[in-house]
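What follows are several structures.
Look at the two complexes coming up: chain A is in both, with chain B in one and chain C in the other.
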Partner chain A sequence: MWELLARSLEASTIFLFAALGELISQRAGVLNVGLEGLMLFGGTAAFITAQTTSSYPLGLLAGLAIGGFLGLAHGFFCITLRGDQVVSGMGLWILSFGLTTYLGNPYTGPLGLERVPRFFGLSPFYPLGVMLVATAWFLLFRTSHGLAIRSVGENPGAAEASGIPVAVIRYLCVTSGGILAGLSGATYTLSYNPVWNYNFLMGWGFVSLALVFFSMWNPWILLAGASLFGIMWQLSLSPELVLPGVLSRYVWRTVPFAITIPILCVISTPWFRTRWGLAKPEALGRPYAKE
Partner chain B sequence: MKLGRYELTLEPRPALPPFHAVLTAVVAILLALAFSSVLFLSAETNIFTAYRAVFSYAFFNSHGLLATVHRSIFLLFCTYAFLVPLRAGLWNIGLPGQVYAGGLAGFAVPFVLGAPQVRALPPDLLIVLMMVAAATAGAAVGGFAGVLRARFQVNEILVTMMLNSIIFWLVAYMIKEGGPFMSATGEGESFGLPVPLHAPLLLGVPFTALLALGAAVLLDPLFAKTALGYRIRAFGESPAAARYGGIIPMALSLVVFLLGGAFAGLAGYHYFAAVPGVYKIPGNYGYYGDLGFYGIICALIARGSSLGAVPIVVLFAGLSLGARFAQGELRLPFGVDYALLGLLMITFVASHVLYRFRFAWRRIPPEALPHVSAELPQE
Partner chain C sequence: MKRGSAAAPEPILAARGITKRFPGVLALDDVDLDVYPGEIHAVLGQNGAGKTTLMNILFGLVQPDEGTLEVFGRRVRFRSPHDALTHGIGMVHQTRRLVSAHTVLENIVLGHPRVRGVLNLRAARTEVETLGNRYGFTVDLGARVWQLSEGERQWVEILKALYRGARILILDEPTSALTPPEVKTLLAGLQGLVRGQGITVILVTHKLPIVMSASHRVTVLRSGKVVVRLKTAEATEEILVHHMVGRDVAFRSTDRALPTGRPLLEAEQLAAFNDKGLLALRGVSFSLREGEVLGVAGVTGNGQEELAQVLAGLRPAASGSVRFDGQDITRLSPLQRWQRGIGYVPAERSEVASIAAFSLVENITLNYHFDPAFTRRGVLDDAGLERLTQRILSAYNVKAPHQHTRAQHLSGGNLQKLILGRVLSRRPRFLIAHLPTHGLDVEATAFVRASLLDARAAGAAVLLVSEDLDEILSLSDWVAPIYEGRFGAVLSREEADAETVGAMMAGSLLKGARGQ
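Up next is the complex of A and B:
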């Protein structure tokens, strides 16, 4: 039972890292729907580097770097060129989906390194995730930098007028969001499931994106949501632990995705929005042009 | 950006002449091909040999050409499945899910009727039934996302993506490990269609080609000349303004997603039930779902024009097929077709900037430049 829980918590860190990065980026008003692509690329880069150099730290670094670079590219398109954020995000996703399939294919198979050390069966990434959530919360809601980030996401015009460099803040947030997405991908390929396969994520990134909306842009709620989805995901992979022999295992695989849809509907209702959803950054998805 | 006496800026442009639009599309495609030659290079193959292998298989080989045509029909349906909602400003990335749903529904017709009924009923009727079922299933899956979008403002990208995963696993359930559609002989694929239910061929090409080409011809006038097309375009330009103009967002989102989903359902019918030599849902059905993403690129590069999408679709169908062939022939790593998909997407995103902006290069008037003293400093 503890093993299953530890595994679920590890799964939830993958959701958590990616979603936390997206949360920071969305707080600054930039939507990145290509989250899954950043995770795929980061994970693949981490896997290939770790395998060729036999070093986990180098692999992790490669994952972070690629994630950060793609985040920066998204920022360049959305902030400097003021392009459509959905077009750019979708572009990054399909780019990563296509290129990682090609680049990673010769490496298909297990990583072949000793597993990442665990403490009582728990991956070291989970405490890191909790620490990052606390840091992100403190940064966003208890410091002047956080106020600057949030104001850029709410009303960039007013922020600029009060002397906040909107473009710089947005770049920083999008890039750190990308780095976290890379970390998430690296956690998957280095620790959670160190076997490379084409399109290994199969929807993790999009679930993470949905989690950001569920969290009402609050890191602590995000942590709860990610943990819940981690447990649900792990159970959907091994349903025989709870309900042996009921339904095909393939049907269980649909459950996390199927649950996402009604939750999305509920949080999108006007009732919910006026009651709870006011946290949505006002300028989310809108390019900002300096007067 | 300032360079001495000159200034380089990005300026938005109000409208783009059609010639420039075509030119940018061509440049984007050529750039993607140039980037993919880097991939061929890295695989230590002569670029020209590689491209010759790709094109000669796809377009100058009777077997390859026929495969290109089959794939083009599939991609045309996928392109229209994405294109119709796009004109209303909505992103239908649920193509794989809708394709699978179409395939499943098509196969459900002979499955539900049972072998005796299938033998008794006229095959033409059954084929029409299968096609209608496929289109309806695709439309239902698409329409679901459309309703949620309109009723609750739920992000359609997330919903369609979730539906993709759900239906992907449902297909696995249906055709694998003793699922209802599993073939009696092979593990992991569906039963084969009985011979009378194979779609009729015209010159070796399934009749679905007529539907795809009909859509290519009809969709452009639909957008340009009809009231529905006007509503879709108006909604795409500005949903708020469209609502004040009396357009009902709920109905409109539903209509575009129903129509788009139906096209994707037909794509599923075409590939699984009409392409000669397939006539089943194969174990690698996921590959056909992935191929559906080419539809997104084709619709985007064609800038929403259904007729304009045809040459692009044929080119990409040929390229993706030829790339698969070349990778076997020249022993390239797997996934050249996927890599091309990714590169095309990113060159499209880059060219998107050129649609909306142009680089302006102008001289800064001398009085605007900071004054620099021309005199030598005095003692």
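Up next is the complex of A and C:
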């Protein structure tokens, strides 16, 4: 039972890293629907680097770097070129999907390194995730930089008129978001399931994206949501550990998705938004042009 | 530069030879502006005269192609608003630059160089409160900006600029969304700042009464050039209009002849919800005869939009009824209303009234696609529509390069004339005109008002929704001030004076009336 929970929390960590990066990026007004692509690329780079150098730290670093680079590229399309954020994000996902399949194919199979050390079965990434959540919350809601980030996401015109460099802030947030997505992918391929195969994520990135909306852009709710989803996800993979013999495993497999859809539908109703305040960053998805 | 003597003080802000080109347009052509310490300096001009561009240059949002700026006697070059702010220039934009989801205090400290790192809002609150007391403003610092009235938001922006240490305050069209009492308070407050605190104010406007009552000096811009600089005491409204437009403009107003048309429209206890699901229109009744204008005066957001949409059929009535020509039309669709002769000019010119990416002909078609004269078994009569467009363009004086030009390339005034022409060419018996002259320059405004009066003379009943009290008073036969979804009264033109209507627009007399 504890093993299942520990495993669930590790799954949660993967959702959490990616979604937290996306949350910061969205708070600054930039949507990155290509999150799954960034995670795929980060995970693949981490896997290949770790295997060739037999070093976890180097692998992790490679994952962070490629994630940050892709975040920066998304920023260039959306901020400097003022392109459509959805188009750029989808492009990144398709590109990453194709390229990682091509680059990673020769490395198909297990990582072949000693497993990442665990404390009482718990991976070290989970406490890191909780720390990052606390940091992100403090940054966003208790510092002037956080106020600047939130203002840029709400009303970039107001921020600019207050002397805030809108583009710089957006670049920083999108790049940090990319780095966290890379970390998420690396966590998957180095620790959670150290085996590379074709399209290994199968939708984790999109669930993370949905979690950001679920969280109402609040890191603590995000932590709760990610933990809940991690548990449901893990449960759906091996339901016989808790409820043996009840329903087919294929039905269980749909549970996380079946729950996601109604939750997202309710959250997106005008009723819910007015009831719970103006959580969604007003300028989310809109490029900012002076004048 | 020469040292100024006591008699002629040096300008606190001087712009020299400012030129700015945008693709295809010379926005500013060798403009000089001198602003002296402790004055309210009005910058007057029509739309497109370059006022806002000039102010954006003074505030560092736009960089000039040529010319220099001097502030407090020092040559400066602003690359961003940040630079302007550090030189003591603050700007209050025409559209509010506040984050509506944040509190007043958060908005005020946003971007302040002294508020860095971990936010100490308690210390900032004390500072802002002290500042507010010194200048005599009281705003609830903990309130969220979206909860404030437009007038309060403006004070927040002014306070914010002062908190940043602004000594020169630029206000771009500050009175456009305010009720008359709010305008009075604002102007009195500005005069207090100038006299008591030595703040210098640059007031950008196209409203002559504001210039005449509040400013010390005025610079008039026309087509990117300075036409004249005057002391306000030496100017009259006529002189200023002449310089601003380049010729004399006459405003027509409603003739005093009593309308004697047949009763046409009757609205009874109309109520409607707004987009947020709140009851925004709370029981409005009126009746209109042919050839009458009912002016609904109010500040945007008091239910006028809902009223116009309910009458046009775009929003369901929550309760109440509308009778048109003796028939109940409360549940009719917009198309059925058009076919019965109800015309609608929406407030949102480029979002609702027209489609930016469509040509002028296609935009005209928006009100004619259902007309049997222009469609045969669902196929549009292109040639006929082009001839119709041509007629509307010339009859309504729309300046457009070509009838296949996209609507987005028209200026606000020309687009409005096109829309008005499209609606009026259908000869509506009842016309709903929502903010028809909002943001238009003097000439376009005069044209739109004249067209409304022509429609009235031709026997149409007109519901005119406006924020501009002068417009309401000069065009209407009946005046209905609206506040929080209710009419304060329906006054005849004789009973409606600016004070009463202004007070009702701000809700002050309504409370008394309810108490009786």
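We take it that the second predicted complex is superposed on the first by the 290 of 291 C-alpha atoms of A that agree within 3 Å, B and C clash if a C-alpha of one lies under 4 Å from a C-alpha of the other, contacts with A are read in each partner's own complex, and residues count from 1 in each chain.
In this section, a residue touches a chain if its C-beta (ideal position, glycine included) is under 8 Å from a C-beta of that chain, and two chains touch if they have at least 3 such contacts.
No experiment lies behind these values; they were computed from the predicted model shown.
Applying the stated clash criterion after superposition on chain A shows that chain B and chain C can sit side by side.
In the superposition on chain A, A:L70 contacts neither chain B nor chain C.
In the superposed model, A:A210 lies in contact with chain B only, and not with chain C.
For chain A, the partner touching the most residues, choosing from chain B and chain C, is B. Judged by the touch definition given at the top, the superposed model places A:T143 against chain C, while chain B stays out of reach.
By the touch criterion defined above, A:A161 reaches chain C but does not reach chain B. Of the two partner chains placed around the shared chain by superposition, neither chain B nor chain C is touched by A:A50. In the superposition on chain A, contact is made by A:S151 with chain C only, not with chain B. Rounded to the nearest 10, the superposed model shows the Cα centres of chain B and chain C diverging by 80 degrees about the centre of chain A.
Between chain B and chain C, the minimal CA-CA distance in the chain A superposition rounds to 5 Å. Common to the chain B and chain C contact sets on chain A is no residue at all.
In the complex of the two chains, the chain B residues touching chain A come out as 10, 39, 91, 93, 148, 152-155, 157-159, 161-166, 168-170, 172-173, 176-177, 179, 290, 293, 296-297, 300, 333-336, 338-343, 345-346, 348-349, 352-353, 356-357.
Chain A meets chain B in the complex at residues 33, 77, 81, 83-84, 86-88, 90-92, 94-99, 101-103, 105-106, 198-199, 202-203, 206-207, 209-210, 213, 248-251, 253-254, 257-258, 260-261, 264-265, 268-269.
Looking at the complex, you find that chain A touches chain C at residues 142-148, 150-151, 154-155, 157-165, 270-271, 274, 277-278, 282, 290-291.
Remark: chain C residues 56, 59, 61-62, 80-82, 85, 91, 93, 95-102, 106-107, 109-113, 115-119, 146, 160, 164, 275-277 touch chain A in the complex.
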